[in-house]
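Order of writing sets the labels: A, B, C, D and E. Residues in every chain begin at 1.
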Amino acid sequence: MDLIKRRRSKPGTAPGTLHHTSDDALTPLRLSVIDYRNNEFEEYDNLTIEQAQPYFASPRNTWLHVQGHPGPDELRSIGDAYGLHPLAVEDVINAGQRTKIEDYPQQKFIVLRHPVLHDDVLDTEQVSIFLGHNFVVSFHGGSKDIFAPIRYRLRKNPEGRLRSLECDYLLYALIDLIVDSSFPVLETIGEQLEDLEDEVLKDPKRSVLDKIHLMKRELVLLRRAQWPQREMLNTLLRDEHKFVKESTKIYLRDCYDHTIQVMDLIDNYREMSSGLLEVYLSSLSNRMNDIMKVLTVIATIFIPLSFLAGVYGMNFDSTASKWNMPELGWPFGYAMFWLLAIGIAGGMLFIFRRKGWF
Amino acid sequence: MDLIKRRRSKPGTAPGTLHHTSDDALTPLRLSVIDYRNNEFEEYDNLTIEQAQPYFASPRNTWLHVQGHPGPDELRSIGDAYGLHPLAVEDVINAGQRTKIEDYPQQKFIVLRHPVLHDDVLDTEQVSIFLGHNFVVSFHGGSKDIFAPIRYRLRKNPEGRLRSLECDYLLYALIDLIVDSSFPVLETIGEQLEDLEDEVLKDPKRSVLDKIHLMKRELVLLRRAQWPQREMLNTLLRDEHKFVKESTKIYLRDCYDHTIQVMDLIDNYREMSSGLLEVYLSSLSNRMNDIMKVLTVIATIFIPLSFLAGVYGMNFDSTASKWNMPELGWPFGYAMFWLLAIGIAGGMLFIFRRKGWF
Amino acid sequence: MDLIKRRRSKPGTAPGTLHHTSDDALTPLRLSVIDYRNNEFEEYDNLTIEQAQPYFASPRNTWLHVQGHPGPDELRSIGDAYGLHPLAVEDVINAGQRTKIEDYPQQKFIVLRHPVLHDDVLDTEQVSIFLGHNFVVSFHGGSKDIFAPIRYRLRKNPEGRLRSLECDYLLYALIDLIVDSSFPVLETIGEQLEDLEDEVLKDPKRSVLDKIHLMKRELVLLRRAQWPQREMLNTLLRDEHKFVKESTKIYLRDCYDHTIQVMDLIDNYREMSSGLLEVYLSSLSNRMNDIMKVLTVIATIFIPLSFLAGVYGMNFDSTASKWNMPELGWPFGYAMFWLLAIGIAGGMLFIFRRKGWF
Amino acid sequence: MDLIKRRRSKPGTAPGTLHHTSDDALTPLRLSVIDYRNNEFEEYDNLTIEQAQPYFASPRNTWLHVQGHPGPDELRSIGDAYGLHPLAVEDVINAGQRTKIEDYPQQKFIVLRHPVLHDDVLDTEQVSIFLGHNFVVSFHGGSKDIFAPIRYRLRKNPEGRLRSLECDYLLYALIDLIVDSSFPVLETIGEQLEDLEDEVLKDPKRSVLDKIHLMKRELVLLRRAQWPQREMLNTLLRDEHKFVKESTKIYLRDCYDHTIQVMDLIDNYREMSSGLLEVYLSSLSNRMNDIMKVLTVIATIFIPLSFLAGVYGMNFDSTASKWNMPELGWPFGYAMFWLLAIGIAGGMLFIFRRKGWF
Amino acid sequence: MDLIKRRRSKPGTAPGTLHHTSDDALTPLRLSVIDYRNNEFEEYDNLTIEQAQPYFASPRNTWLHVQGHPGPDELRSIGDAYGLHPLAVEDVINAGQRTKIEDYPQQKFIVLRHPVLHDDVLDTEQVSIFLGHNFVVSFHGGSKDIFAPIRYRLRKNPEGRLRSLECDYLLYALIDLIVDSSFPVLETIGEQLEDLEDEVLKDPKRSVLDKIHLMKRELVLLRRAQWPQREMLNTLLRDEHKFVKESTKIYLRDCYDHTIQVMDLIDNYREMSSGLLEVYLSSLSNRMNDIMKVLTVIATIFIPLSFLAGVYGMNFDSTASKWNMPELGWPFGYAMFWLLAIGIAGGMLFIFRRKGWF
């Protein structure tokens, strides 16, 4: 759970210091640049930092995307090349940031958490985006190229809004993709929940408990990762920025609406998993009850009978006196014993049935 | 539970793209138009999209109602014909929207959830309404014609407020009907709750637990579907819209009051069902207690007696020494055994009764 | 619980339609009018609607009180006579309203819930009050004349504030009476709670659970009925009404203070009843524990002893070999058996006592 | 618990009516007056109401303190003498008021709850304070003279802030003393909690449950009594009163800080006592578990052995056929029985140990 | 837990009185002064109060750090020397303050709680900081020199922001260090939680319960200590102070972001430890279930068998009548007994397995 583990430099270090956190292997970076305006469109992949730099000065809209975990030196080069604020750049390398938006004089800095499922275990990857006047710089630490659909739309649709509008609409498209990527993840979780529900109702084993426990933890983490999206979008919508145009706001508002739906779904799932836990625990109690009933019925029927059999197994000397166990000598003594035994058992069964025990 | 399942197009798709979500069978659409102002009243049913279009331009108030799940193409035609905003139209086709209100330059867009009971299982259907300057376009995906009472009032009462006032009052009438349709549903749920309560208090079976669990889930879903109504009505009431007249607001305020009553009822039911769960669980504990008492009383009485019987069933050789089981040879040994046994049993019963165990 | 049952007309009916809800028997109405100003005072009882009407036009303060459930026709007559708003009048007949205040151009409309105890079961009756410029119209559906003390003060004290001040002070007096009438009810509930607490601590039977459950439900309902009083009084206090004078506000503020005390008491009682449930459940667990201890002590002592007795009741042929049950032939075999048995029992008792089991 | 019991006059009584609530015995009043300004200082004790009155008109600061429960007549005299508002005076006699502040044209009226421990049981006594332009009137119903330290500081320190500043600083000193008097009470409660914690962890008896229950109730009551202090001080701090000078506000802010610390401690204690309940309940479960384990180990070992002994105690006639219990005649039959028995017991113990049951 | 224990002077004492709270041993103070501006830098350690005083008047930025618990007299000297407000100085000596910020005319006073782990037990130490126009006075009661990294950065980096900016940036650096020092503590707690989780899932012993209980208490205390940091930083950020420059605010905002991350982690841990408790309790129930199953299976199989053996151990006289226990004389009686016994046992096992009991 990366929200918990990854931490920053030692307390007391100067702010903006870039340290490499050892548990992220340094993956090779992959820089791609798209330089576009209306009909003009240039796309370059696998650039070096030096190759990427000239596009910053281009009068067209420039989108630099950095895939992989950059090291402190690489990040400093990129930051210097594009004039990114050191405090924000520090947050790019410390990959355990919450979703947030920060205002710097020359740019906006946005952190998002992209939820992914690795073998049915939820993880969130950090996506950091800088929005300048005519450029967007985005960082994504994971190995999958999540922004491929956006790049495809930019490349293929020269008359689309992505090409005709400014960088703020590109920012919206990136945010919208991250927000919407919660839905498939939530669908998978929803299916897991339904499977769990079936298991709980049919055959509540010990392992179900651990699964519910894990599910609840995942939902707590997901909620915490998604919750600040609303605030972030609200900040984007409410403030009068020179960065975000009025025409883009209607789309951001739609995106805000999606974050509310995501939170809604998560809350539904949380209440459902709490409900599952309740049901699991009470079916445990039910089982215990059933087991106790069987034990009690069997024991309370046979314990008196065993006593009776024990009585007639005693060795009192019937020759010493006629009061000593005369029943043993009766011709129908054994038959009477069985009658008595069956009578007791029948009576008890009758009482237990009336009490509704079985 | 349609709040959870139906989802929209793939992350990264351009906003406003209309996709058909496969799990809704394409039902034949039924378009009906009512064109009215004071004494003028025209009503057409089973129109095609082309036939419905001219009424848009009519200077009178026009209400177009679309019954059924429209496909992307049909929806695009309707949207284009009436100038509906693409983002809003996208929400019509993705039927898992929350209750909300959205402001577009040319119209207001309102989504409502209409609660229905299918075989005692709660479902909510989406109703989408567009309010323009002199038209209302409403979409309802279900098969039942829920707005028949409104149409009846329009048709039959030429002097009624519905005819004499503008489109905003028609909008109020539609919203009011959806809000009030929660009451019969809640009444049914209330009756189910009372039945459940009887069952829990009289004969708490395992199946009751599942029913309470389902009831709680339904109430959670209903609450989530109804909760945003307050906010939606508040937005309608507070903002100065050119769409909603001051004279209609007094009625909307009454409608707002109803939504509070709905939430109140739902909260009451939720607390009642939580209470039921508590009562169920503690009557389980009570039962376990009763069962344990019976087992304990029977076992603790007969276990010592069985031991005693066992003792006198031992085969120590009384001829080897006079210390070996002399009781067996006593003339009243057997009688004394019974006296002892009855004494032990009586004493234990006395103790248990004093402890209040039965 | 009348907060849950009574419901209004069918969804889709025109607002302001008056329907008779069948479960309220039509009780004969009793109209009384008090017409007063300073030294002038006229009081009439058992008027017809026609007889009551002229006082509306009187320049003095007029208080019309309607006792009983009016039918739709009667209500419409009264509403028309006094110029009451149709939407408000609809709320008078649908007796399941929440406490609220509504502003109409010609009057204020206030709904209050008057708590009563019928055979120790809590109920709330609706009191509806209209405040006009120089009149108050109040409706109360119950059979008891709750406003008798106010009428007495009006009648007997010509120099009292009630006579010398305007209608807004009369409104305050009516509200204050309803708010304060919660205190005796709460006192009764408090006494019931203390009885319950005694029962739980001394002898926790099954029936206690149902009583606590009912108590919690009553408190939830009472809370919901009283909660909106604060908001209602706040609205009266904050808004600049032409209806409520500044001099009356100091009294309304005192009344507001009382509603806070009522909520405080209810919250105390709720936490107490939750605490009782906890105590009940844990004393159940305690009991189970005690029962298990007794069973375990008796069973674990006698089960090994019974085995021992069983062993010496076996019939191995001691003539076949000297290894077969030689103990049976020992002169002190029986005595040694008892020594062994008492030793085992004593040892177990010692262990159990050291574990603190009894 | 006096927050619950004491109640005011009957619903419908005129506001400001003074009734004597019967359960407070009329204790003899003790009026003391301190009349001071800078170096001038006069102190009188045990005055009658008439004797106290002239100091009201004194141009110096006057502090009248009334110790004991005044009757309605006495209170009316004092109220009339000092011009106190009837509604506020009514709250003095009804000693179950919440902490609050009220603004009257000629004075401020403040109610505080002074927490005391009577034999380790928490109670709160009402302290009512009126602040006028150059006087303070304080009422305290308890028997202990809680304001002695203030009087001492006034008397002994002619250059202290108490003497040199105005009445608002005296008010601050009184409030500060009441607020701070929570700390020793909370310390005692804290010690009780630690004792309870020791008891729960070492030897969880039934009585602990009742103690935790009482502790939680006390903390709920204390919280409710202290909670409104923050609001009260905030009102004093925020509003521009002519009564409270800017120079005093810095001290009131310090006092506000203390109330936050009090709430913090109470919340800590509440969470601790909830934690204790959890621990108590789960150690009950643990115990039950232990008891069940012992019972199960003993029973499951000896029940099969007893069966075995029972088998060889059967009386099948071995002379009738060589198939009837030939074991009884084997020379090592008895030895083999013991081997078998020990083997079974050992095997079971081995299994139970591997399951970790003891 | 020092949030609970340490308390201030007796209620009724004059504000600003300095008392020594006896449980803090008077440790020898260690005063160090750093006097700096850009390239000028002087550092003195182990000064007396008199020696430290002259630097107050220096036109450069002066940082006086006081390590250890000062006594009332020492504190008064320092307070007088630097013109610190008596109410704030009182809070320095009473070391149980919450995190807070206070505005005094000549300075700002900030209290922070520095979390430390002593042998895996969480404690928080108080750090008090005064910010004047060109000085910072900081107090830290613990024995470790926590500000060493700041001093190192001041000493070694003459061009760093710490040297070139004013005292407000030094204040930021101190606050940032305290805030960030939560992270290593939280990491340790996180590791403890993971160990606990392993223990709970693998082998839930009684001791785990106490550990979870302690963990929850620590997290409650830590939360309470950290919670007010947000408010404190917000106050610093929002108000227009002459003390904090605009350029420093961007760093304080970054620091504010860290406090949110701290709260996030704490909340995660709290939910995780609550989850652990749930899992612990339900695995207890699971165990009880398993134990009951074993007992029930063994007992219900052997109890009927024992009865059967008891029956054939009875001594009915088969010579008295041919109806008395004829089975004993059958040639295959014993074999039939075993067949019957094995049949019963097998049947029961079959039933239990079908019920899924083992």
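Worth pointing out:
Heads up, the rule we're going with is that a contact is a pair of C-beta atoms (placed from the backbone, for glycine too) under 8 Å apart; a residue touches a chain by one contact, two chains touch by 3 or more.
As the structure is a prediction and not an experimental result, all values here were calculated from the model.
Any chain bridging chain B and chain D, meaning touching each of them, is among C; the list is complete.
Note: centroid distance chain B to chain C, computed from Cα atoms, is 26 Å.
Separating the centre of chain A from that of chain D, both taken as means of CA atoms, is a distance of 41 Å.
Annotation for chain E: residues 285, 288, 292, 295, 299, 303, 306, 310, 313-315, 325 touch two or more other chains. The touching chains form a single ring; listed from chain B in the chain C direction they are B, C, D, E, A. Residues 3-5, 7-8, 10-15, 87, 96-98, 100, 102, 104, 203, 206, 209-210, 213, 216-217, 220-221, 224, 277, 280-281, 284-285, 287-288, 290-292, 294-295, 298-299, 302-303, 305-306, 309-310, 312-315, 325, 327-335, 337 of chain A are the ones that touch chain E when the two sit in their complex.
Chain E contributes residues 147-150, 153, 157, 160-162, 173, 176-178, 180-181, 183-184, 187, 190, 201, 250-251, 253-254, 257, 260-261, 264-265, 267-268, 271-272, 275, 278-279, 282-283, 285-286, 288-289, 292-293, 295-296, 299-300, 303-304, 306-307, 310-311, 313-317, 320-321, 323-325, 355-357 to its touches with chain A in the complex.
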